[in-house]
Every structure is written in structure tokens, then in C-alpha cells.
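Just dropping this structure here.
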Amino acid sequence: MQSFLLILPLFLYLAGAISSLWFSARPSKSVRWAFGCALGASFLSFLTSLSLLISGTSLRVSFPGFLPYTRFEILADGLSNYFIGIISLLACATTLFSFAYVREYFGRKSVGFLGFSYNIFLLSMILVTLANNALMFIIFWELMTVISYFLVIFEDTQEEARRAGFIYLVMTHVGSALILVTFFIFFQFTNSFDFDDFRQTGPTLSVILRSLLFLLTFIGFGTKAGIIPLHVWLPHAHPSAPSNISALMSGVMIKTAIYAFIRVVYSFLGADQLWWGLVVLMIGALSALLGVMYALMEHDLKRLLAYHSIENIGIISMGIGMALIFLSLKHYPLAALATIAGLYHVMNHAMFKGLLFLCSGSILQATHTRNIEDLGGLIKKMPWTAFYFLIGSVSISALPPFNGFVSEWLTYQSLLSGGMLSSVPIKVIAPLVGAILALTGALAATCFVKAFGITFLALPRSEHARKAQEAPPAMKMGMGLLALMCGVSGVLPTFFISLLDHVTVSLLNTSVSEKMIYPAGLALIPVESRFSSLSTTTLALLLLAFLPVPWILIRLFRPFRQRIHETWNCGIKLNPRMEYTATAFSNPIQMVFKKLYQPREEVRISYLKKPYFLKSLVYQSHITSIFEERLYRPIQQAILRLSHRVRTMQTGSIHTYLAYIFMTLILLLIFAR
Amino acid sequence: MIAETAEQILNLLTTPLLILSLMIVGQSRIGASIRLYTFQSANLALLCFAVGYFEQEFSLYWVGLLTLVIKVVLIPTVLLYIVNKIKVAREVEQLIGAPSSLIISAALIGLSYYTTRPILEDLYVVTKDCLPVSIALVLIGLFIMIGRKKAVMQIVGLLIMENGIFLAALATTLGMPLAVELGIFFDLLVGALIMGILVYHINQTFETIDVDKLTRLKG
Amino acid sequence: MLLTFLLFTPLITGILCGLLSQKKALDGLNIMGAGVVLSLGLGVFQKVLVQGVITESETSRVSFLALRADALSAILILIISILGFLTAVYSVGYMGREIEENLMDLGKLRRYYLLFHLFIFTMLLVCMTDNLGILWIAIEATTLASAFLVAFYGHEHALEAAWKYIILCTVGIAFALFGTIFVYLASINLSDTAEPMKYALNWSYLTRVASQLDPKFMKLAFLFILVGYGTKAGLAPMHTWLPDAHSQAPTPISALLSGVLLNCALYGLIRFHILISQSVGPDFSGRLLLLFGIFSLAIATPFILVQNNYKRLLAYSSIEHMGIITTGLGFTGALGIYGAILHLFNHAMTKALMFLTLGNVRLKYKTTKIDKLRGGLLHVMPVTGSLLLIGALGLAGVPPFSIFLSEFTILSAGFSYIEGPGRISLIFSLLLLSFITCIFAGLIYHVAKMAFGTPLEKVVRGEGSLWTLVPLGVLVLFIGFMGFHIPEDLHTMILKTVEILGGHDTMVLFQRK
Amino acid sequence: MILTKILLGLLQIVFLMALAPLVQGIIKKIKALFQSRRGPSIFQSYFDLIKFLKKDQVVSEQASWIFHITPYICMISVLTVGALVPVIGVSVPLGFAGDALVVVYLFAVMRFFMALAGLDTGSAFGGMASSREMMVASLAEPALLLSLFTLALTAGSLNLSGMVQKLADLKIAVISPSYLLVFVAFVMVVLAETGRIPVDNPTTHLELTMIHEGMILEYSGRYLALMEWSAWIKQLILFTLLANLFAPWEIHLLWYPPKILVLAILVACIESSVAKLRLFRIPDLLAVSTALSILALITLVLKGL
């Protein structure tokens, strides 16, 4: 019965995909079918995975005769169920959102194809987490990539989208190649592609080989996850896709890489090397910090969000890295704590990043621009979207009592637990990474003050923004669901931690829920009791409880009265051009971190009468993307230069060609005889 | 005794093959090259008869006859007809000068002896010394194709290669089975014809048969 | 008699086509002939599946005419008959369109069909003859039959391509003859009499005695064979004719050249590889194949990365895939051979799809330059555009399309033999993987450039006739379906081929779980 | 039992609320003395608050609901923090609800909304101040948390009461190089967080230099009262932390006022004796603070206590 419930959604997705294509001539019908099926499927698979997770069972279904040397086998264990749960939950929300959102494309683009890809995309993500052999995994992994590539270039008439898609596809394909190598090396020792065999044989391999495999896996999946410096595709690709897809890509697709990384490193490689954890930790810290730094300089709303995905992947990697460190030192409860920190952030990031992307979709639909410099004042036109965006911003900035805070708190705890270990390097590094996390969090808050403030507050800066309208109900529902989740997973973390405990049981054979949750079920403690505790539930109650205080204070002496008047602006009537812009807002940071950004500033001044009367002043500032320009461009150019050189061998002259044959023969006769 | 004489006679008949191909290498006129090829083919036919005689292999007479008909008569006629028809400059333009060509050809002959040495020890036919010669012919044929600009000369080079292969078959295995030999001759004839037609078309379109001009397809 | 019928049907069809003079009749005859070939081909496939090997007219006096089909031939026959039929159908649409636009006349059409079927005849002969001498003749005949097809349009480029094609291939093939002679020599040296034996070049005889053949001769033979048939199969650095010929031929012919003819040449190479492996041991020929395979990939890569002609792009991709197949064979284990043979089939289907799809593009745009299309194919021709994308992804080795499976198999073979070829095979596998990845980037870059974007205003939107679409649909079904499942029959047949090629190790893997 | 605990907690909050304006008044007074002025009464802040609370307020026509909720949010966050920090006793009844991190992040909540409110009215001053505030706060954050971490690792607890208790238990042994380094770093951060010279000038209303004042420029009347009060409570809480973490002895009602007084004098001294830094010199200051805390951490790890 359960396996039926596990399989059924897969077929529903398939049905949604096919019917969507079938009805593609009639967009609204196609939309109904595609997203109806997707909604049903994701809801169903959410329930199934939740029930599996709660009961802590793992499920194995196999079909024979899929391919000559493998079988089609899916295994839903704790980790898979957890990820499926997240994917499905986010999918529910984005699907609701999509019902209304895709209307934007009616008559302009093939909605049938969009529905098709949407369903297949979800299907492939779920199958990636379910696959129990390498061939299946790689097939669905690549399917996921390719389908999302098509979604990235959905607006294919835009040069930018095409470029983004290409970079995306190629980079992730390179990553896949490395993953393939990993699997092949496993295959060499197991003579099988079954993950079960990998699990058995993997940990027995030599340390050098396993370290090599670890690096391959880390780079391979890291490309997809978007860790720095392999992230360059991400800020291009995520913004180009339709917003509901961006939500899925940022929210869950890049997490499948985390899933796979955990699966391979924990189960197949038997994480027992300290430096693995250190590498993941450091790269995580780097990604988190640089991700948010670049986000700060970004004025394209969706790209800004994309950079934040890099940041959050970094934070997740911090947790995973600490877990690997603890594992190598055989501190299993702490490893479980760190794993939970990472995994919980996976879910939270899915929720708030999904929410933020959906909101950006709503904004995009209302204003047709992603440039926040052209927005402003939307809070009055789109109060709901603004509210949801605020929830998302607060969550992503890790402000209590929302969910981002809880998982970052857990990450801090695992980092500090690292500080309590006996190993000196870890003792120094872990708290320092904690400091980086602090900086990251603060900068994220800065970035979202900018994003929310410039987008929603003050006066509209363009005609588009002035004419914006609130999103239709379906979209609001989608956003609302996620906003609700941000709150719930923030305020009631103990429930989710007890779910995650099943994951660590299946992954590490360690249960920590009793050590992590106060008897009352209210507060979390980081395994080592008395070190610290957190009860967001109580915090939320406290915050609410104090609400009457200011309310009463305001009315203490006299009834509340206020006058509406224009903003004081040195006596001049306020107009949008006087407002602080996003560029200006982030400029201090840019000045402080000049070395990193290497800004190119350009000021153009024209005078009515020199030097006193300005006619106009144009200030432009671009930052240099170090990785793109210093790392990837040289590689690309080198390859192209080499190609051009090799191409000269095809001279067009038949004499040369004959000479090639001649020389080949002669060389063969001399050397190979 | 008979074997020794046979070997001498055969050697006597083989050497001109090499000399003729070297002459073609040094030759600067198309017509003359084709005629030299004719001589070489005739020489080959002769060799064929001789081997057939010494080895009592009757089918070789047929092969020799076919060689005469196709390589001595038909193919040179076709080639000469085309050369006359398209009225190209008779001069063979060379990419590599005659002296260096000859030196390279000599090196190629050396290479063929070097390559075949281990095999020759295991060969027990009278004609075994022809094997290096045949490889040399093949290589020289290819070398001519590389070194000459005119399309017709490439055909000649190809034909010399084919003569080399024919010699190899004759020398080592007393010819292929007759049926296969027939097929090869047929292919050769058709091939020469098709190439001839192509040369004609090329001359019509490009107004030259200088293959150096056929270099538009690159990259 | 099945083989004989199969062999002579295209010959007769071709000759009849040469006699007819009405377009409708020509088209009908063409499709009918190809259809008969298809059904007979499937029949042969089934029969081989049941009987293992079928031979015909072996007892007759003319032993060189003996026809024989084992599993390897059956796979080739399958490819030839399927693609032959599909391209024949496609030709009706393609050539019909060219006639409508006065790009050619009825006489030329007649000649086209005549040569088309002759071409198929020669290819069928290649994989059905029992005699290695005849094999050589047949392969040379394929060159001769297709030379005029390459030169079909008669303009400068076509003539240049045809000239290079015929000269380079004939030179190459000449070496193959030389090699064949050495094998013959080794074969007759076994019997004490110096008298040329009737069966000495017959495959059925040679396989029996292969292990006794003198390694010295066989080694030398293989060098010549490798250069010879390697030229025809498009292995670098003897591949130089290939991009010219494949890009200048009429599109259906390009599809056949790339999809089938290369395989036929490779077939010749494989046959000798089998003999030499048994005589010398698999390492000698295996390593040479590995070397040439990887080198072909290495050479093809830059040409694919920087390319402005889509037909040449596909031609270089053919070189790449021939390289992959050769590398797979070079890995010598059962897995490698399985992958290589599977790849033979998959590449043929996918490459044909790509050529035919781009044929539609060419019909619409009258250019083969990627730059001049200015993108937007998806908007101009939705069906063709989508097929193009699918084909390109398939060709680049993306799952869930069939080529992925075979590449995966080949790679897993390369990575799995730590013994035997050992480290070399590991390094070669890494190289293979990196080249495939680079080529993926190149291919996707160019195809995306064509498929996406805003189309030019002046281009009329709309698809071609159904004749030019249905064969593509069939091919897409093939590559899509085979990305998930290898049909039982084909699987069995490939396993039989693997046995013929002497891969017995790691056979366990193929037990269906 | 639980009820008394909660009551005690509430009492502590009331205590903080009541004391906060006084501390502000004292600092102002001391500063005035330094400047040889008589200065306002130390209770002036109470009078200001009452005045503000009585006044009607003017709200910008551009202001959205963000502008309106911000005072509430500031107040409730800071009050919540008040419930978590040990003030006049080591144990805090609601301390289980959050540790030092929560304190820091609840301050971040305040800051977040204040910055938004600064942007809300569309005035350039608000935007400028928000931008600068966020920049300063971002850079102060690692220093702040790192010093807290160092303390936590010293004490083996991140819960504030646990931390204070442990530090107190260490008695005199607590004074180690690392501890002193942390102290200096922490003071610097507190200056930044409370908007004091050399980072910000709480008395200025000169457009180009104000940070905190700029953000609340549009507030008037009762909202202003709430905002100012929250800021003062925050200041007092930070002082309390400073006092209890770096003088973890004798934590009870009797010793609390002197400790705070000393800190107030210290802050006033610093404010009067150094000049305000240029905006882009502030990061240097915070970098020094961060460096000190890193140093403290390393000293701690290498030397132990």
C-alpha cells in the first residue's frame, strides 16, 4: 500500500506532463491538467513521505528488467523521505502559484511545454532522491539538469537567458562527468552499480582512493549546489527561468546535490577523514560569505536571490562539514547535531527562498521588471506580496523566531561544539567560521533591508511600479503556504527535529532527539546539555506577550492621534528621484570591500555652466566578478585558442591529407610493427 | 637449379618496376608519366606470366591477360583521352622538387626492406623478394600523390600503388583467388573511370585540374 | 535464399529506377524497394537470432559468392535496412521539394535513386559476404557508388569534396587490400601446399584457424588494415575527407554516409580485429584501436567547438562517435565491446535523425551556415526545432537518450579494467570522458544557437511535408525508447556479437537482475 | 512556582525599562560635565519620554504599515531580550528560551525594522542612515559574536546565565589575556551598537553624520518615545552584559548600580575624549575589534585559561 502511494505520484506527474503537452493548443486546459496533476502528485507524495518519515520506515521497490545490467530500484529511506517531503511541500506551493502565474505566458510562449517540463522536472527530482543505483541516479540527475535547462531558456528570445542556460548546462554537465567518474571507480571495485553494493564496498577502499572519490564527489555535486568557485552558472540561470521554476531550482534542485553528497560521503565513503570535513567547512564559509557579498551588489531582484542561494548552500555546507569532522572523530551525537543543522537549513532555505522567488515572480508579473531600482512603493499596491516578502526576508536574515534563525542557531551550536573538541585546529577554525557566519547573517540582513526597502517602500520609481497590482488569489495562496511554513518551522522546531532524528538514525545510526529536545518539547539543546538552549516557541510567545506594552504606552496619557503629513525633505517636495537607491544603499559596503569587488566607477557630469551649475550627473558602478573574469574566462579562451590552432590542420589541401595518411602508415610501420 | 634460375629471372623482372616508378617520380610531363605507367603495367603482366610459368599456376595467365587488357590498354587510354580532351598544360607541377623526391623515394625503398625483413624469413615462395618492392611501390605511389598538383597525376600515383599491391599479391600468395582478382580489376576500372569523369567535371567547373585550387573546404 | 533476396533487392530496385521516368513511379518503386529490404532485413535479423549463423550458396562452385550472416552482420543489416528505408522515405520528400524549387530535374532524380539503391546494395554486400576479399571489393564499391552521390549537386564544393573523398578513400582502401593480402598469406601458409586455397579468405574458415595464423603476418596486416579501413571509417588522422564528403552530399545521403557507411568500414576493421586478437592476443590490436579512437576524439573536439557549418558539425561528430566505438572496442572486455556495438546502433539512429532534421532546415534556409540562420528555429519550425534539440542532446550523450547508455557502458568498461590494459585504460577513459564533455558543450552551443532566439522576419514559418517529418518521428521514438530499455532481441544479438569478438569476461554483468 | 519565576522575569524587565532612561541621563550629564556645561538633569530622559508620549504624532504620507509596526517590534524585541539576560541575579527564569545568540539576533530584528522604517518614508536621510547603520552593524557582528564565543568557550556555556555563573565560579582565575582582549573588543562593539562616538554621534542632527538619529528622523510623538526608549533599554542591556560578563562577581541588586555607573562613566569618558571617526574609518575600528577577538580566541585555545 505504501509503495503504491510512493509510486502513484510519479505516474501522476507523468500524466500531468503528457496531458499538458496534449492540450498545448488550449492553454487554460493545459494549465489545469498540468498543474492539477502536479498539485495532486506533490500533495500525495508529501503525505506519503511524511508518514514514512514519522513511522521511520524505509521502503524498497524494484522492477526487474529495466536495463541489461541494472534493475530499476527505488529506496525510500529516511534521507530520501526527508528530501521528498521538502520537494513535495515546496512543489505544492509553487504549483498553486503557477495556476495563476503561467497566465502571463498565454499566447506568448508554449504553456503546454512549460507544464510538461514542470512536471518532468519535479518527477526527476523525486526520482533522483529515490534512485538506488548509480545508472538510474545519473539518468534522472541529467534529466533534471536538461529539463531545467529548457526552463532556464524558456524566454529563449532573450540573449541573456540563452547565455545563462548554456553556462548552466555546461557547468553542471562537467559536474555530472565527475560524478560519473566517482561511480565508475566504485563500479571497478564492486562490479555493480547498485548503491547497496557501494555501501558495502565503499568504506573498505583505501584512504587515498576514498579521498579522491570524496574530492570528485565534492566538486561534482558542488557544481550543482553552487558552491564557490563553482557557482558561476547559478546567478545567471536561476533568474532567467520563470519564477515558479526559480523557486524550485533554488529551493530544492540545488539541494538534491546536497542530498547526493550526503549519501555518497556518509554512506559510501564512510566519512572518517578530518580534512574532508575541513574542506567542506572552509568552502562552505567561503561560499556563504562571498555569496552574500555579491548579493549585496546585485540590483536584479531574482539574481540577488540567486546569490543568496549560494550563501545558504554555504551555510548548509558548514553544518555538513562540521558533521564530517565529528564523524571522523567518532563523536556521533555531535555529528547528528551538525547533520540536523545542515538538513534543517536545507528545508528552511527551501521554504523561504521558495517564498521569496514566488514573491519576486508576483512582482515581475505586476511590474515586468526585475531591476529593483525601477521599483518602490509596491507595499501599497501589493500589500500581501509585500507581507510575504517581508516574512521571507526576515526568515532568510535569520531573525528570530523564524525558521532561518533556528537552523543557523543549530549551525552555530555545532560550530561551537567543534570549539569544545580537543583538536587545536578545529578549536580555532570552527569558532572563526562561526564569526564568518555572523558576518554573513548580518550582511544578509543588510541585503534584505535593501531588497525589501527599495522594492516595496517609499515612492514608486517607475511607471511600471506605479501601475502594479496585487497578485491573484492562487498566487497568494502559494506564497501564503510557504510563509506559513516559515513561521511554523521557526516556532515549532521540535517537531521537525524529531522528524530529522529518523534521518540521522538511518544515516548514522544515532538518535539524538532525546538529547536535543527538552522534556517539555519546547526547547532545543545542542546535545551537550547545559551548553545552550533555544525555544523559539517561548520567544514567539514572549514577543506576543509584550505586544500590549507598547500598545498601552502609546495610549497611556491620551487617546492615540496622528496627523498625516508629507515627509520632511529640507522643504522641497519629495519626488522619487530623491530617494535613496539600491546602489547608494549598498555603496558603503562596496567601499569597505573594495579589494573584493574591484569596482569600476564611472561618473559623467555635464554642466550648464562650469563649474557651478550641473546639468546632470550620471554615476555608474560595476563590480568585477573575480571568478568569472580571472578563472573561467582564461580557461575558456585557452580552449578556444587551442581549438583554432588545431583547426588549421584541416587545410583543405588534398596533399596534406594524403601526407597524413602517409605519415600515419610510416609511423605505424616503424613503431608498431 | 630451376628455382635459382626462376629467382634470377624474376628478380630481373622486378627491378624495372622500381626503376620505372622512380622514373615517374622524376618525370615532369603528364603524358610521359602515363606511358611509363603503361610500361610498368606491362612489366607486371610479364612477371605474372613468368610466375605462372614457374609455379605452374594456370590461373595466373588469366590474371596476366587481364592486366594487359585493363592496365596496359584500357586505363592508359582513358587517362590519355582525358588529358588530351581537357588540354591542360602538360607540365607536371611539383610540390617537392625532383632531386628531393628521388631521395625520399630511396628512403621509402629502404623502409620497405626494413619492414619486411622479419617476414621474409618465413616466406618460402620463389617470389619472396618482390614483397619489399611491392611495399616500396605502394609508398612511392602515395608519395607521388602527395607531391603532384595535377589531378591526373594523383590517379597515376594511385595506379602505381595498385600495381604495388598487385605485385604483393603475386609475390607472396601467387595472386588472390581469381574471383577476388576479377573483382579488384573491376573496381579498379570503374574507379579509374569515375575519377576520370570527376577530373573532367573539375576541369569544367574550376577550369583547371590543379588540385591545389581545390582547397575551399576547410575547418 | 533470404540473404540472396536481401542482397539483390536493392540492386534490382536501383536498375529499375534507372529505367523509369515518371516521378510518382520512381518514388513508389523507391519506397517499395526500401520496404522490401527492410522486411527482409528484419527477417534476416530474426533468423540469425534463432540460428546464430546463416550461410547461403557456400556449397556452390563459386565459393567467393558465399553469403554469411552472423550476429555482427545482423546488427549491421538491421541498421542498413532501417535507415535505408527511412532515408528512402525522406528522400521522396526532400528531393520532391528540390524538384519543386527547380534545384534539380527528373533525370537527376532517376540517377539519384539508381545510385541510392546501388549504394545500399554495396553496403549490404559488405556485411553479408563471407570472403574477406569480396569484403574489400564491396567496401571499395561503396566508395565508388557514393562518389557520384557526393558530387551530386555538381557545384564546386561538391566536386572538391567528391574528389577528396574518392582519392583519399581509395588510397586508404588500397592499404586495406595490402593487409588483406597478408592475411591471405598467413592463411595459405597454414596449409603446406603453396597452392592458393579456395577458402583461405573465407571468414568461416579463418575463424576456425585464427589462433594458428602467424602473428608476424597478422601484425603487419593489421597495420595496413587499420590505416585502410580506418580511413574509410573516419578515424583521425585519416578522417580528412569525411567532413567534406558528408557535408556536401544531399542530406539523405549524408545520413547514410554517417550513419551506415562508417559502420560498414568499421565492420571490416572489426572482422580483422577479431582475427588478429585471436592470433596475436587482444592487446596489440586493442591498443591500436584505443589509440586511434582517442585520437579521433581529440581531433574532432576542436572542430566541434569552433564550427560554423552545421553539416560539418555533424560530420565531425561522426568522427567523434567512430572514435568512441573504436575506443570501446579497444577496451577489449565484454562490457566495452557490448557498449561499442550498442553505440554503433545508437549512433546510426541518432546521427541519421540529426542529418535529416538539419536537412529540413537546409530546405527552408538554403544555407548550412549556423550564423546565417540567426536562430529561432523553434519558432519557425516547431517540430523540426524540437527534434533538432532532442537529437543534439541525444548525440551529446545526455540521458534518457540511447547514446548515453552505450557511452555509459563503454566508460564503465574503461574504468573497470584495472588489470589487463590497466592504467592505460583508466587514463584513456578519463580522456574519453573529458572529450565527450567538451564536445557536449560545443554541440549544445551550436544547436542552441540555431534553435533558440528570435527568428529572422523574412523567414516563412511552417514545416515541410509529412514525408520529411515522419521518418524523424520514428527515429526519435527509437532513441527515446532505447534510452530506457534495450529490446531483448537486440540485447541477445549484441551478446552474441560480443561472443564473436571474444569478450567472455564480465559476462556475469549481463544477467538481467 | 513557575508563576513566581515568570513574575520575577517580568519584574526584571520592568526594572530595565525603568532604569534605562536614567542611565542615558547619567551619560548625558557626565558628558555635559566634561564639556563644562551644567547639562540637563539626569532625569531629563524620563521627562522627554513623558512629553513624547503625550504628544500627537505626525506621520509621513508615504509611510506604510512598516513605519507603524516598527516601534512595536523594537519595543517587544528589546523587552524579550530583557527577559533572557541575567541582570540582578545569575539565574534568569526564562533563560532557557534563548542564549547569547538570541540576544544578538533579537537586536538584529530591531535594527532590521528600524532600517526599513528609515527607508519607508522616502526621505534620503532615512535611507542614508539605514544604509550606514546596516554597514556598521554587519561589521560589528562578527566581532560581537566572536567575543561571545570566546567567552562561551571559556565558560563552557553559551547560555547567558550559565556563562555568567561559570565565569563567576572561576573567580580571579578568569582574568586571563584572552579575557582582557575580549573585554576590549566587546567594549568597542558596544560603542558601535549603542551608536556612540567614535562610531556615531547620538547628539547630532547634522544630516551627513547621523546614523541612528537619521533612521528615526521621521518619528515623532509616541512612536518616537517607543523608539528612543527601546534604544535606551538596548543600551542598558548591553551595559548589563558588559558588567555581568566582565565583572561576574557579586551579581545582585546592590552591586548592579555601581557597575552600570562605572560603565556609564567609561562610555562618557570615551565619548568625550575621542573624536568621531569618518564613516569609512569605522570599519577599521571594527576590524581592530574583530582582530582582538580572534586573538582572544587563539590565546584561549593555545594557552587555556
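A few remarks follow.
To keep things simple, chains are lettered A, B, C and D as they appear, and every chain counts its residues starting from 1.
Here, contacts are C-beta pairs under 8 Å (C-beta built on N, C-alpha and C of every residue); 3 or more make two chains touch, one makes a residue touch a chain.
All values derive from a computational prediction rather than experimental measurement.
Of all the chains shown, the one with its CA centroid nearest the global CA centroid is A. With chains reduced to the mean position of their C-alpha atoms, the one farthest from chain A is B.
Averaged C-alpha coordinates give centres for chain B and chain D that are 100 Å from one another.
A separation of 44 Å divides the Cα centre of chain A from that of chain C.
Centre-to-centre separation of chain B and chain C, using mean CA positions: 31 Å. Averaging Cα coordinates per chain places chain A and chain B 70 Å apart.
Among the residues of chain C, those touching two or more other chains are numbered 163-164, 167, 171, 175, 220, 243, 303, 306. Annotation for chain D: no residues touch 2 or more other chains.
Counting partners per residue, chain B has 115, 118, 142, 145, 154, 211, 214-217, 219 as the residues that reach two or more other chains. Interface note: chains touch in the pairs A-B, A-C, A-D, B-C. Residues of chain B touching chain C in their complex: 55, 57, 115-116, 118-119, 122-125, 135, 138, 142, 145, 151, 154, 158, 161-162, 164-165, 168-169, 172-177, 179-180, 183-184, 186-187, 190-191, 194-195, 198, 201-202, 205-206, 211, 214-217, 219. Residues 62, 64-65, 131, 133-134, 136-137, 140-141, 143-144, 147-148, 151, 154-157, 159-164, 166-167, 170-171, 174-175, 177-178, 181-182, 184-185, 188-189, 194-196, 198, 200-201, 214, 216-217, 220, 243-244, 247-248, 303, 306-307, 312 of chain C are the ones that touch chain B when the two sit in their complex. Chain contact summary for the complex, chain A toward chain C: residues 64-71, 135, 138-140, 142-143, 146, 153, 156-157, 159, 162, 165-166, 169-170, 173-174, 177, 180-181, 184-185, 187-188, 191-193, 639-640, 642-647, 649-650, 654, 656-658, 660-661, 663-665, 668-669, 672-673.
Here chain D touches chain A in the complex through residues 50, 53-54, 56-62, 64-66, 71-72, 75-77, 79-80, 83, 94-99, 101-102, 104-106, 108-109, 111-112, 115-116, 118-124, 126-128, 130-132, 134-135, 137-146, 149-150, 152-153, 156-159, 162, 217-218, 221-223, 225-226, 279-280, 283, 290, 293-294, 297-298, 301-302, going by the rule given at the top.
If you check the complex, the residues on chain A that touch chain B are 647, 650-655, 658-659, 661-662, 665-666, 669-670, 673.
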